[in-house]
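Next come two complexes built around chain A: one with chain B, the other with chain C.
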Partner chain A sequence: MAGFALHYDDKKRAVQLLIALGVVVWIAVDAATGGSAYWTRVLLRLPLLLTGSASGWPVTGGFVLNILLSIASMVLATVLGTIMGLGTLARVGLIRVPSVLLVNFLRNSPWLVLLFATLYFLPFEMRIFGTIVPFPPFVKAVIGLALPTAANLSEVIRGAVQSVHSGQWEAARSLGYNTLQIYRHVIMPQAMRRMIPGWMNLYALLMIATALATVTGIQDVLTILNTLLAMENERVIVYFYLTILFLFIAYCYPIAAIARRLERAVKGDSL
Partner chain B sequence: MSRIEALIELDNVRKSFGDFEVLKGISMFVQKGEAVCIIGPSGSGKSTILRCINGLFPIDEGFIRVGEHRVHELKSDKAMRALRHQVAMVFQQYNLFPHRTALQNIMMAPIQVLGHDRAEVEERARKLLKKVRLSEKADSYPGQLSGGQQQRVAIARALAMQPEVILFDEVTAALDPETVKDVLFAIRELVEEGLTCILVTHEMKFAREVSQRVCFTDHGLIVESAPPAELFDNPQDPRTREFLGQVL
Partner chain C sequence: MLGLDYSWLADPAYQRWLLIGVVNTLKLAALSSSAAIVIGMLGALGFTFRIFWLDALIELFVEVFRNTPPLLQMLFAYFTLSTLGLKVTDPSTGLSVPLLSAFACAAISLSLFGGALAIEAFRSGIETMPRSIVDAARSLGYGRWARFWRIEAPIATRICLPALTNILTNLFKTTSQASVITVPELMYYAGQIYNDTFRTLEVMILVLLIYVALVSMLTFAMARLEAFMAFPGYGRGL
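On to the complex of A and B.
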């Protein structure tokens, strides 16, 4: 029997292979029984889905816009999340309590609801110091998605900071460092490494969530698909949705996989 | 011994964690250049005494003076800095900064806290590494060093602050037996050079050899304080006798 005792990793790989094989077989059988005509239609529209223009250039939307949206949101979320994270760690109650409340509010709100909220609460332009700052739907989508991401990131940051051994605080204090210096020279450099996997995981989640931004009316991949489908017959819809699903998986899976690997690597250092 | 000439002075220091009173009125004096060992059962407040002396733990009641600093009155980080410059500490778990090399660990605080010149600090740091016989490990990270080596780097890091007093908190308790003697050797050198040291330790033989005075603590009080020969060979208090009977 020992010969059949497979390792967990081997079993996992076997199952993954089986699923992939099943999908390939299904596609082949389907293509042979008339599905290839539908796939041709999808292929024809692929440049439009990816970039927003039928010829593939210039980029006006599509899946590339989802990627841009996710990157812009992540940048904003990183800044806001760091502020919120440090806020929840503050010793002064006047800073900590509002921070904790805000983080918990944002973390426990549905992303779609937050997106609608920013869509309707933010004006389409705002007068700041005499200059008019416009808030186009794209900017609203960036903010709407950045808020819950920032709140989740702040928890990642708080966890990473608190995971640094308390002896580090004592040692730094006994060497004369003040609190700010301890964060800067001792705690943050160590916490940073530990938060990278969580940060990447969040980014993959955020990328998936950009599909929600279709409610703001920006020309993201889903908005374009909806317009497109009006001209297509019902049977082909399945093939389009499968394609989009695959686009997101192809983009997000490697990120999540790398994050998992880093997580394992970081777990090793018990310092 | 008169209070005036003592470098460190504690008077009726009390400290509680929640409902648990760890220190129930500690009074002691340490002269400049003196090596004092604190021994006693675990939980008797030995480590807490050290942390109160350098202000890591605020005290509830009493008086602590180190040099001209009245520790119990220091509140701000800035006021603490001068005290921490004067009093260094070495910990049981070494607590080196894992993201910095041995040399960087030693150089960080003198540059970042005291604002000393980098070149001068590096020279000082290399000398100290040589003193603890780890010159070849300057560029190793703490994770690459053995416990005994890490602890000697930690001693060098404390010395780099050019302190007048060093507090040693059970610095050999987490070490393998074969590396203990390297660390004790380094400490012995410091004592012989006349640096004021307060050592919490379980190494009775070492305490006997190195210190001028041994204090025995039990349940938050200093039960007995005497030169090592006296305390070890002729303990006066029954609690001291019982403790020594168990460990010797």
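On to the complex of A and C.
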């Protein structure tokens, strides 16, 4: 039976490979029948789309900026999300209720609207302890994207912590651990394992959402694309869009695929 | 406190804009959600046949739409579908105009995006269904179709209802991105209003609150439905 299942997956892979091959052939045929002019345009602009400068260096924007934005946002979201997630688990109502309200508010608001709101809510610069901290659009985009991600991450953390059997809490408490120690030494090491797939899925989601950052005016891949398309003819636009779509798939699909594999690996173990 | 000025809200013109925006948002969400559910069901049904090339095709569809920004999908639909040949010639002016309006483009791309998410959810719902139920149905002599419609589909629907809630709220929130391709929904009118009044922060806060209220209503309704439909022994249906 296992042999048959493997056989089946192999056949599926083969079909997917065939489709990929078909796309390559289609591109080749299209290039041969007059599409090559369009592809040269795309190839010419590729460094600009990737890094924001025509020669490919230094990095001032483009798809690399999207990646940097997603990483910065994820770091901030991980910190905020952990605080929020533990807040929603607090036994003190004064901490739990505001945390739950905040998480639900952020989870129920659209990413784009939240990004816009952050953009207008944060000042151009802020005076903190006598030093002036400027808020360039990039920082605003990082914060605007980190907020909804943090709220979603707090749900992941809450789920992972709650998946640890409650008997472990009782055992640790009876051994004289306090709440902080239980989290540090008993719950977190186990819950962490279950968090990682959700965390990675969220990162892939965040990367996809960085496309929205174009509204903040930073030179991300969509902003550059729009500037470029203003100078191109109607037909080339299709090729440019396909290229950008492919960039996102190439970056996000492996992450999502690894997350799914980890998820399957974690599913089996009982805590 | 923050010096917020909401006097513009008294203007009937702006009230009307907000109302039209909300109605269009609801229309877009309702249309794309129902289409997404249908696509999700068809896709999940496709998986149950275990035909390898069909599986491969559906999987490819799901991965492409899940791993690209919905905003980009909408822009692609809006800007390129007409160049790819979806055009009609207006008989009154003789000009060639795109066959699909901005609203139609947004609805189509949102349906496909939501559909891809729904296929995954329904598929995992069918997969997590207890094997024993399927075996019991089989031993009672249910055929392939009867088993799907009478046993697998109803139970899987109940199991994956929480996942469906996530998808529907996600889709509802994503409708705000249609404003980028000039679909006159809530977010679009928000832009119109603050371009008129320069009250950007006030408008954004109000729109954020409207969206949160609408999505909260949706999640509340779905939570009630989940509680009502919960499958004993699974998830919250203990």
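Everything that follows uses one rule, which is that the second predicted complex is superposed on the first by the 252 of 271 C-alpha atoms of A that agree within 3 Å, B and C clash if a C-alpha of one lies under 4 Å from a C-alpha of the other, contacts with A are read in each partner's own complex, and residues count from 1 in each chain.
As a working rule, contacts are C-beta pairs under 8 Å (C-beta built on N, C-alpha and C of every residue); 3 or more make two chains touch, one makes a residue touch a chain.
Bear in mind the structure is a predicted one, so any value in this text is a computation, not a measurement.
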Will chain C clash with chain B on chain A after the two structures are superposed, or do they fit?
fit
Contacts of A:E234 with chain B and chain C, given as first, second, both or neither:
second
Using the touch criterion from the header, give the chain among chain B and chain C with more contacted residues in chain A.
C
First (chain B), second (chain C), both or neither: which does A:A211 touch?
second
Of the two partner chains, chain B (first) and chain C (second), which one does A:V15 touch, if any: first, second, both, or neither?
second
Just to be sure I read the superposition right, which of the two partners does A:V113 touch: chain B = first, chain C = second, or both, or neither?
second
Using the superposed model, measure off the angle between the directions from the CA centre of chain A to chain B and to chain C, in steps of 10°.
100
Give, as a whole number of angstrom, the minimum Cα separation of chain B and chain C in the superposed three-chain arrangement.
18
Chain B residues within the chain A interface of the complex:
51, 54, 56, 77-78, 80-81, 84-85, 87-89, 91, 93, 95-99, 108-109, 112-114, 142-143, 157, 161
Sites on chain A touched by chain C in the complex:
8, 11-13, 15-16, 19, 104-105, 108-114, 116-117, 120-121, 204, 208-212, 214-215, 222, 229, 234-235, 237-238, 241, 244-245, 248-249, 252-253, 256
What residues on chain A touch chain B, complex-wise?
165, 167-168, 170-179, 181, 185-186, 189-190, 193, 269, 271
Partner chain A, residues of chain C touching it in the complex:
50, 52-53, 55-57, 59-60, 63-64, 66-73, 75-76, 79-80, 83-84, 169, 172-177, 179-180, 187, 190, 200-201, 204-205, 207-208, 211-212, 215-216, 219
